[in-house]
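Both of the next two complexes hold chain A, though its partner changes from chain B to chain C.
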Partner chain A sequence: MRMWPLSTYPRYAPDWLDLHPEALIGGILEAPAAPARCAIDNLEELRGLPGVETILTASEVPCYPFTTAGQPEPEPSPYDTLILNPLSRYPGEPVALMAASSLDALYHIRQRAKITYEPWYGPLHDQHPNNVAEAVHYSSGPAAPSEADSERFKTTIHVGRVSHMQLEPHAAMCSFDEENRLVIITTTQVPYHVRRIVARALNCPVSRILVKATDVGGGFGGKQEVIVEPWVAILAVKTGKPVKMMLSRRQEFILTRTRHAATLTVESQWHGRQIREIAMSADVETGPYASHGSTVAHNMGLKSLPLYRAEAYHFNASVRYTPGPVAGAMRGYGGPQGAMAVETHLNQVAARKGLSPWCLRHKVLAQTGDALDIFTAASSFKRIHHTNLRNLLSRTRDAIGEGSPMATGEGIGLAMSMQASGVPGSELAEVSIGVDEDGSLFVKTGAIDIGQGARETLSNIIYDALQLPRGHVPISFSMGQTQDFGFDYGTYASSTTYVSGLAAYKAAGIVRRKMESLARSMMRHSELKDTPLSECWTALAHSSFYGPRRHPVMGHAVARPSDSPAPYAIAAVRLTVHDNGELVIHHIVIGVDAGKPINPRGFRGQIEGAVIQGLGYALWEELELDHSDTHVLNPSLFDYALPAPQDIPPLDIIMAQTEDPTTPLGAKSVGEVALAPIAPAIVGAIFRARGIWMRTLPITREKLWNALMAQRETVTPS
Partner chain B sequence: MPRLLKTHYSAVVTVNGHVHRLTVPGHERLLTTLRERLHLFSARYGCGTGHCGACVVLVNEEPVPSCLLLTVRQQKNRIQTLEGLKKDSLLAQLMTSFAEEHAAQCGYCTPGLLLSARHLLKTCPSATESQLREELSSHICRCTGYYAPLRAIAKVRDSYAVD
Partner chain C sequence: MRWIEAHTIRQVQRCLSANVPIVGGGSWLLSDGSVPEAVCDLREYPWAQGITGNESGWMIGPDVTLSQWLQALDSENVIAEVIRKMGTPIFRRVATVIGAVANPQPVADLYPVMRLLGADIFYIDLHHDSIQHEKLMWPFRANPRALVGLWVPASTPYRFIAFRKYTKGRLTRVLLNLGTGLAQQGDIMTADFVIGGLSQWPYEDRVAGASHSISHQISQRLRNQGNITPFYQALIMEMCDDVLNQWEHRADRRSEL
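Let's look at the complex of A and B:
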């Protein structure tokens, strides 16, 4: 049962904002063009408008560079942004922040502002004269494998920009508490990173800031970015009054984050049915601020290449600053782009070799014990594959009906993907569990329930570790309240079950041991009969507060796993491409190896949601830019195409019955893994249906029709 | 100094059986009134343009996006939000079914889905799968891929049909 998200009590950030009519309303004066140096010509007139509290321009706010990417220190993302940047690098970027007593007043400022701009033709960042934020080169294996009797193949694909489109927009409020600390109420996946990043932007100690994370109305990585929080914080500091700000849907599209657009090339050299060498090069468009750019780029290679066995691996990426919207973390985190390239490549190789994609993968799939970290130095911790996927591959193939007769225009496609369970070697979660006087439990954690079911998952872990029947006592959570402790790197990288779950498991173990020892000492003094813990739990809890041996019970534990086992997904899609370009998906089967499901309904929900986001990525969604690659052309739900209920194909989920050996929970992660293989599986199915390779996402009907026309023209020249 | 025109009007809105007499700007949307003045948070902002269904409320029993309605034009309408339907047995069944199926992930879209589902099952108790999908197509749910909500509604429909 997951009843609490149905409640209508105020729990999202926009609700809390609406409960505070006294707070000033924050707003943005947006850059009309970019890259450009923008100026407001009538600033003094605007400041005099009724209801206007303040208008801040770049010269009036602190200039401490930071990154909006919510990651632990040392942050891998460059500090290339300021609260307000004097050079506007994307249209819609704030030229000024404003606070006023009403929305009408903000509206009047926007109407009257005379914003002039001078286009900027230089590099987007002075330190990067050729607009390359970072170039990545990795290699492993023999330097130059022998060329004799080998075949070479090459595939290039392009993936577009898509928007997270969480239904709840970014919203935050900053006020002051009795000690004049800044209290930030916000919808975020990373409360502790919000605190640190705002502190960096304002140059104040983190202890001056309290972050209260609210329930999150959809994250998908979009709320792993610290976007509005520094804005409301500086407005509050400058005005000395509480300030709140919620982005509109249009602003969500243009000034939050996107998934990185990229062009990827995969080349491989084969000896028979063995890969000698596989090389990926990625040209990644990270937008005008790097944000998660370099880590996402890394993951395009690191989440796709290790699935297959090769003698040598190479990965090159160039992360480019580009005008237009800023890219950031988004569900899959490089995985969808990488899978689209590598899986399409393998499907092409299979076709060229006259093999089925299933058969080729049986040959080249990594084996148990093969390296997952193909590029790390020999000295450091190396993750390995813990499962052999061949059985799951066969089950998926049987379930989609490979080998059964196909109608004209019908085809089956296959693709695979892998993710991690937390950022390898860079995770930390702290969980405290206390037993209250009535036996109920309170749990403090920095993890957030962003819809994935963290509360149910952590509850199940805790009940199991306490050896109490699930639901035996109520559990209340404090999630993401920095004043409550429970440090956590945040809810991203599919880390909640594996990392925060492990901390919860350990903390519950401590609670259990303490309760048992209390029970033993009470039995020694014949204050308690010899009964199982679950039966005397409430009595024990009560006497831990009021009995002769009173000592309230609390457990605190930390998890910082060095491993991060990979969950896997195998997608099989059966579809028909009609002559008019219409594409009908008949069936999707997804085989998932994510270890033992702790919260089966949530597990399933994560897969279903990810599959449909993957379907949107494959077929409809794209944030389109104008000819100069800067303005977003479709920043509304009217123009931005999303999967609709009518588009949802029948979906079957096959679970590998595995338990992960690296954690006592046996569970890996499931939040992201099912998204990435959908697009390449569709591409593969279209090829098998029609003999054309669609190499650019999204595969809109128009593109498909054009490709079919081109094919018809080449096949039957008039 | 520009002069702001007089923009406030008196409005009468009947929400969940209570009559509210308010003075609101002429352009205020019902969504804003419900949330900021009446603190009914089940109507939620998702787009402000009628595309996402997060703000859906029942207006004379029909699900309508409240972001498209002007508060000053509601005097003849009967408005109901999820908060006002606590005693509705069909809604209670739907909510239980949603909870069992894990159909509310983040839950932001859920009140809208529930109201539309209730409306459909009221007007068409044996709605087909494609009618269910049609009804939900005025809502965006980014988390679930619609599978779980569709299952949850179908479950209620089936038990409803048997009764």
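Let's look at the complex of A and C:
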């Protein structure tokens, strides 16, 4: 399928697919327009083409509704899709699935297919006649705080769609094993959800499906969606043969998922330098299928408002079905949209009050012990802030040089963000660790290495828990292999270190206790007395298989934390806006409180990657749609602008020296938190440089130039 | 997909008459989208191979990649400046010069400078049994043809040629580019400019006059175009002013090439 290897050994799904030349190649016939009812006029002719094994249309595949959002049960996302939907709701949506012996045969089908369509003018889903998938209303605190001596402020911003742009495309293969189970090899962040969702789509027991997740060559949440797997599964079922499918880059843009576009408004009421009331309303465009729309919308408010102390909080969101590509989970998961709104609002309030953004935040930042779960019922578990960020705020301010002389057109911007460490109250991870006869360890987990260094992180946790020097014995992993168990809700929501890591820590603790017990028993009768465990580890391991006890050592543990401590990021950006709209970023400082770094190199890599992705979100990236908001206009890397290495400004990372008290590891998460504050920090810096507020992302040179011109025309010299 | 390596005029003509896409290199990188049933690869065409040059100019064969030409050029040369701004090093190592010239993109990067340099293209068409040549100019004629060589003269009427471009991202498609050739006789300056990205085909124009009036004249011409957004007008003017400023500050105003 490809001309080049992603890896020199089969590590990623496309590599595994290449090792199966016998498999049929799956493909899709795409809807040319949407919303529309599409039909293939020459279906029988296409089925007769050489090399074509099958072509399946909507009427020939199971019709059990499901959601593609990879989340645990009870799934918060509506079951609003089918393997093949009779009504095509976005251009590129599969009208038919096909399997053939060669790419040429698929090509001929696409060339010869006569697809006609009848435009659809009704609601996108009958159950939602007004195209509103969900409306959310949350409130806490007094219903109507006193208006006396108060000021009111309001900010509205708009953020567009962006693509995940992971290097590795979605790819999967489905075949049968010796027990006639369906075996799906796939690149996914959620192997157990893939198993369950495919089972639902096919209406078969989960035990009939084995998922073998590979390492993920970039996910960013895009592989928390179950997209390709039901397609290869039904093609394998219908043909009785292995079927593999890999999406092209164009398909990655048009038929996988995007970040949600949204228009957000933040209103606040202030008494001096105290927030009496802060309210966010979000109009969220989820595309023609809801996917993660509901939970992403929730997080726009829940990951941004609790950073600040207020007497009352309000959050309203409307999640609308819209034409165009489907939105879904993406790094930050609502946080970037929420931060753009709340942080820009705070910066605007500071400017109106004549305060620096640093000073205002010092006043209104949440304190240690303040509620993180601002809308949770009093009876349920409430997370709290464990950190006072003021020291980190000051260090970040000093590092960016706030207060130093500024050149013309130069400005410094500030913004903050918070995330979670796993989904609060909804995480489960199971880890098993065994000691092999040579002393090496094998670890079974449902967590996946998605490039974030999960192997290194879990290894370090295990070594530390075993009190062995890091690297003392080899550790091999079985990750995301459902036949091996090691259940895990998935590698998303920045959960691997905090949740799967905790399970690994507990399992390693069990192993250590068993090995110590074995050592004590052996030492009574040998010269090993008082030998440190690390020095007799191999001998103990061998003895556990062949010694008098004959009891191999294994540890198994489960983590299901109810807490999910928030990591924080403080971004400071120093930039210059030139008269021609050109924006030059001189320096970014990012202060991060993510607890104790378990894997320092991976920790830093996650921050750097998130900052760069945040830069793309702020300045370049946008999935452009046509005038009808339906067709993607730039589905290629030739037209979709990404940050290039030369665009990355000097970046300094300040790590808060904290240890999270809710876990023995002391570590929170770091995968997502540094992305969200970049855009609002740039917006704030532009204001301080030029006095204009850019409220729509991305801030392209053209938009900035137009804003500067508008300012020049409206500002009359005195 | 059949890969036809043509070595004779007849073979090339057969491909042209069958609407087989001509690959001068580069195009095969676009693996996504519709795949043709056959392509005609001229990179081994024996008429002109590699870079051959003498005092009067260079002949660029269909096998020459952007990277190879870049290496052969003086780093100060304007062509080198253009090529360095084209895509990534990986792209430049496989994309050919001929492919870049033949690819009918209205904002193809090499076109403005090649036009100003008065480059000739050598081609095979369906109506002649020998290789033809003419000045590079777009839009190309309606008749299909296959480029087999590019002649770039060493001498130019301009004392200074400059190239500027504007893209959305560093590696994305060009949205606008500008090639400017400046000549001066006494106090009269002539500026020829070729702008890609404003219309279906590059917009070409010439202004002449006292050097301080050049910028104003270009601005007037752009306004008269009517459909250019204020941002693009400002962008082009900034590019022009930058070029003029660069020219003004050159200590040695001899011919760039």
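Going forward, the second predicted complex is superposed on the first by the 705 of 718 C-alpha atoms of A that agree within 3 Å, B and C clash if a C-alpha of one lies under 4 Å from a C-alpha of the other, contacts with A are read in each partner's own complex, and residues count from 1 in each chain.
Everything below uses one rule, namely that a contact is a pair of C-beta atoms (placed from the backbone, for glycine too) under 8 Å apart; a residue touches a chain by one contact, two chains touch by 3 or more.
What you are looking at is a predicted structure, and each value in this text was computed from that prediction instead of being measured.
With both structures placed on the common chain, the touch criterion links A:702 to chain C but leaves chain B unconnected.
Contacts of A:168 after superposition on the shared chain: chain B is touched, whereas chain C is not. In the superposed model, A:620 makes contact with chain C only, not with chain B. In the superposed pair of complexes, A:580 makes contact with chain C only, with no contact to chain B.
In the superposition on chain A, contact is made by A:50 with chain B only, not with chain C. Contact with both chain B and chain C is seen for A:248 once the two complexes are overlaid on the shared chain. Once the two complexes are laid over each other on the shared chain, residue contacts for A:208 go to neither chain B nor chain C.
Of the two partner chains placed by the overlay, neither chain B nor chain C lies in contact with A:395. Note: residues 104, 248-249, 636-638, 642-644, 646 of chain A belong to the chain B contact set and to the chain C contact set alike, using the contact criterion stated above. Note for the complex: chain A touches chain C at residues 104, 107, 110-111, 248-250, 580-581, 620, 636-644, 646-647, 700, 702, 705-706, 709. Chain A makes touch with chain B in their complex at residues 1-3, 5-6, 8-12, 14-15, 18-19, 21, 48-50, 104, 108, 112, 164-169, 215-220, 246, 248-249, 450-453, 601-602, 604-605, 608-613, 636-638, 642-646, 648, 651. Only residues 1-2, 4, 7, 25, 35-36, 39-42, 44-49, 51-52, 54, 81-83, 95, 98-102, 104-111, 114, 130, 132-134, 136-137, 140-148, 150 of chain B touch chain A when the two sit together in their complex.
Interface residues of chain C facing chain A in the complex, by the touch rule stated above, are 1, 32-35, 167-173, 230-231, 234-235, 238.
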